[in-house]
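The letters A, B, C and D name the chains in turn, as written, and every chain counts its residues from 1.
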Amino acid sequence: MTPPTHGYLGPAGTFTHQALLTLGDLPGEARPFPSVPAALHAVRSGEVEAVLVPIENSVEGGVSATLDALTHGEPLTITREVVIDVQFDLYVRPGTALEDVREVITHPHAAAQCRGWLDAHLPGASVTERGSTAAAAVAVADPASGFDAAICAPVAGRSQGLVAAAVGIADNPDAQTRFVLVSRPAPVPPRTGADKTTLVCFMRVDRSGALLEILEQFASRGVNLCRIESRPTRTTLGNYCFSIDAEGHLDDARIAEALMGLHRICQDVVFLGSYPRADAVLPSVAAGHADDDYAEAAAWLARLRDPAR
Amino acid sequence: MTPPTHGYLGPAGTFTHQALLTLGDLPGEARPFPSVPAALHAVRSGEVEAVLVPIENSVEGGVSATLDALTHGEPLTITREVVIDVQFDLYVRPGTALEDVREVITHPHAAAQCRGWLDAHLPGASVTERGSTAAAAVAVADPASGFDAAICAPVAGRSQGLVAAAVGIADNPDAQTRFVLVSRPAPVPPRTGADKTTLVCFMRVDRSGALLEILEQFASRGVNLCRIESRPTRTTLGNYCFSIDAEGHLDDARIAEALMGLHRICQDVVFLGSYPRADAVLPSVAAGHADDDYAEAAAWLARLRDPAR
Amino acid sequence: MTPPTHGYLGPAGTFTHQALLTLGDLPGEARPFPSVPAALHAVRSGEVEAVLVPIENSVEGGVSATLDALTHGEPLTITREVVIDVQFDLYVRPGTALEDVREVITHPHAAAQCRGWLDAHLPGASVTERGSTAAAAVAVADPASGFDAAICAPVAGRSQGLVAAAVGIADNPDAQTRFVLVSRPAPVPPRTGADKTTLVCFMRVDRSGALLEILEQFASRGVNLCRIESRPTRTTLGNYCFSIDAEGHLDDARIAEALMGLHRICQDVVFLGSYPRADAVLPSVAAGHADDDYAEAAAWLARLRDPAR
Amino acid sequence: MTPPTHGYLGPAGTFTHQALLTLGDLPGEARPFPSVPAALHAVRSGEVEAVLVPIENSVEGGVSATLDALTHGEPLTITREVVIDVQFDLYVRPGTALEDVREVITHPHAAAQCRGWLDAHLPGASVTERGSTAAAAVAVADPASGFDAAICAPVAGRSQGLVAAAVGIADNPDAQTRFVLVSRPAPVPPRTGADKTTLVCFMRVDRSGALLEILEQFASRGVNLCRIESRPTRTTLGNYCFSIDAEGHLDDARIAEALMGLHRICQDVVFLGSYPRADAVLPSVAAGHADDDYAEAAAWLARLRDPAR
């Protein structure tokens, strides 16, 4: 039997696992990894071809472990993204009533996102944190664990034979998480027209003016940003790099010129990939910034350089 | 005995505790809180007057729990900051040799910051995460816990009767963490000349242009930024607010005008305080942006409005 | 008989004279001056209270003599503006046919604005330049002058007993000229809501970045510009100041703050007045830049400084 | 005898003539033209190959007639520039004493630039304006003209047999005028490293924001401007285009990209040439904006697009 060629942030039953299942065309079984760094290390070392990891959550923000592990180390490339709704339910062993729940276990992010519900419905319960919501469900399945309930995704609860004592308990019912499929550097996927480009900019000088200059490289080419996150460069306090998602593809002239402009003014630019947007929304490109405008301007310049043509 | 009037992110032995001890003038005993939200809640409810919590780490970046808990909820004010060097050591029970360490326990951030050392010196050890480095030391002190070593601060290890099997094991030896003392809204501390102002800006429209406008409000008044962090507003993916530290004090004319400008163009601005910088570094103020320049310009305008004066 | 208290760029019959007649409420007779510097000198010296001079033409641009004479020397203030349509006709002595015209006389600007018509209809005629179109009409009235026709305004031709051989001969039939009424410094006229403010900015450093900073002072307060003209500072080649008309009044908060900002970053700012727009068009003020927004922001700042209020 | 292949703004004896004589390598005799439009028309029609015309004066600013005649009509190209010091002297017929001068004649610009001297030394004299300083000298040479003195360049006075009654009478002794040699479109002269590029930008929308965008196209590529002049587009009041001199050559990558950027965002860009600077001053190019930086960025982009290379 051939080993799995793909991986994800496990264990089975996590939201990443759920997201992976929406990518129906991945070959064979996928392998769970215990952490984002471990998953990305497996790609870098060639153990697997690609892994799916969470990168951004509508409540918690960017996933620092993923942003940092993509930025530092051997080059990696994002080739796809998936966005799923996040649903948190309270799973218990059959026979446990909601009012009997004293000990809850879950992942810290899940605890944070269900804080309001817990305060309102289980004010006396204590909450223990575990490394994943799936692991929390495993713990509850064992009566000897001392835990009465797990906050987790339905797939995790059901796979352990648990039942839901409450569903949709997240404080924000519209929470979403975004995942990216990461592989070693490869030619970027073809442009679809509705694409996203992810990169990290290290500023040459450390001051607010530098971030302004970075934003102007996008603005002067009419490129909109979907996400911008500051991350420490891991040297001294106050030394930041910026993790950015921009609307458009490496093969869009405005993205190509903005990337070259950033490469010139920044200390370093880490390109992490161009890939189709999960929502397939076409960007609105302002007048003067479409590929045709770039081609027309280049033709005009050529005529200026050689009027005889 | 009167209850403590101050608190900190506990338990005793954490880096926050260490940072607290550098604030020698706080009255009486301080009370440890199990989490940042719990500590800030105690201030909001009036249980304690002020608490010390971590806000930024040179390796891990902004402390999301603190940034978010300061931003959302009843108003709070930062009145002081402390910066300390972070030192991670490996603490074991007396008699345990480094080569015998199989099970390590620590806080996830500490694990992340010592990853390189662990891979090099304890490649076969497994690492378990716990809520704080101080709690990890407590666990190791009990031989029945199954853990051989804790990554923690010296104060935590020693207080449990442990000894250092290795010191200074962080991958970045210059790592620092910054803490802030938070109270209910009160008059801001007097201007020292070397001050910092912390605020959160919610953009009126969600696009890159809005961040550019925010930065221009600072740049056009010659205000430098020390830190800028995007945080999700907790609604939909891609909806961000910006947590900012700016150089200067609410009583500096350039800061006051920038704040009013932000208040006009932003959906909301949360002011979190002006306070002395821990490093006492005086800002360099560009020509035209000092208080005297503002006063002179205001006098000039008054003369334009009434030439007879 | 009391001497006239007002003046204008003469002689009688010029477009300035025409513009003056639209200001029906000026007391008594007005005195013509031979040049813009002479007219402004008469105001500065107290000879007359105010004079009307041209400042901008839709074909020729800013009137350099006026812009420079307002900028350099004792302070002056613009209190009103007038805009009139410019009509050029060809005036001849009664009995002269269009086909007999060989020698045309007019002001250089009029010659420039009728160049196309002259080439098409009087290709063989020679054109002589004179100091004003009114003086040209005077010359044609004298058959001994050798001139057959004057390009001038109807008022000038008729007052000399001439008749029109062709009307509306300007190449651009929609040409307009704008005039300003100038007095010594006085309290600015009350705000009408549809006002204009005129000023001159001398840059501290002579580079493109400085102009960008000047424009940003307006843009960051949502102030639109109606006119911007570079003028040499009269020192070395390439040393410029900028003559600007901005939408709004000295008593609009956004104009006041922009003026103070310019005063801080510029080497010098010459304020030349706030006055009602001739077209009475109300400006569209973007969200956040109205007086109410400024007042609200100032009240917010006061609360930050004294939370007890 | 072959007709002259070059021309200039005449008549002989003008400052333009003086400037022309510094271009020692022009073939044969040069032909004077009575006006800038006439001179440029002769180039457009093929009558002459090139003409020298004034474009900018340190006291009077841009020469409107030249700026407008270059902008509107068939394309023309600037291939050289010359800068000369402007010296104004007072020339009289031999035997005339300074104190006997009653009637002075000169060009309006010369009159304006000697206003202070005339007020101080010939307060009673009347000043008549003529089309050129050289024509003024011709008039004075004829005693029957009624004129006693001409303000003109030495070459003009001497060529008419006049003598200087006073020298260096300009109010600003450092005044300079800049001239450009204009031909039909041809390949631009090779880059020297110390070059200037002249262009005219017509804004797509008529507002201050548009000028800001134009300036940002230069600033974001580190291109400095030597001159920027607003000129009316000849339609309605307040509709401007911008005449610009930028540091650099069409073959500098930063100029080429800025030009293409302007072409995309402007309604129209008229390129008027790249040519060596008269002062041969090398520009200081900020980090990231040199040709090597552009080449390096393009190579980086190519590698992103094809990682296998």
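As a convention for this text, contacts are C-beta pairs under 8 Å (C-beta built on N, C-alpha and C of every residue); 3 or more make two chains touch, one makes a residue touch a chain.
The UniProt protein names, listed by chain, are A, B, C, D = Prephenate dehydratase.
Just so it is clear, the model here is predicted, and its values are computed rather than measured.
Q: List the centre-to-centre spacing of chain A (Prephenate dehydratase) and chain B (Prephenate dehydratase) in whole Å, with centres computed as mean CA coordinates.
A: Computed value for the inter-centroid distance: 25 Å.
Q: Cα centroid separation between chain A (Prephenate dehydratase) and chain D (Prephenate dehydratase), in whole Å?
A: Centre separation, chain A (Prephenate dehydratase) to chain D (Prephenate dehydratase): 58 Å.
Q: Multi-chain contacts only, two chains or more: what residues does chain B (Prephenate dehydratase) have there?
A: As it turns out, chain B (Prephenate dehydratase) has residues touching two or more other chains at 216.
Q: With chains as vertices and touches as edges, which is it: line, ring, star, complete or other?
A: Topology of touching chains reads as a ring, each chain with two neighbours.
Q: For this structure, enumerate the chain pairs that meet the touch criterion.
A: Once each pair is checked, the touching ones are A-B, A-D, B-C, C-D.
Q: Could you list, by residue number, the parts of chain D (Prephenate dehydratase) that touch chain A (Prephenate dehydratase) in their complex?
A: 77, 185-188, 204, 213, 216-217, 220, 250-251, 256-257, 259-261, 263-265, 271, 287-289, 293-294, 296-298, 300-301, 304-308
Q: Enumerate the contact residues on chain A (Prephenate dehydratase) facing chain B (Prephenate dehydratase) in the complex.
A: Residues 37, 56-62, 64-65, 83, 112, 115, 129, 131, 172, 174, 176, 178, 207-209, 211-212, 215-216, 218-219, 223-232, 234-240.
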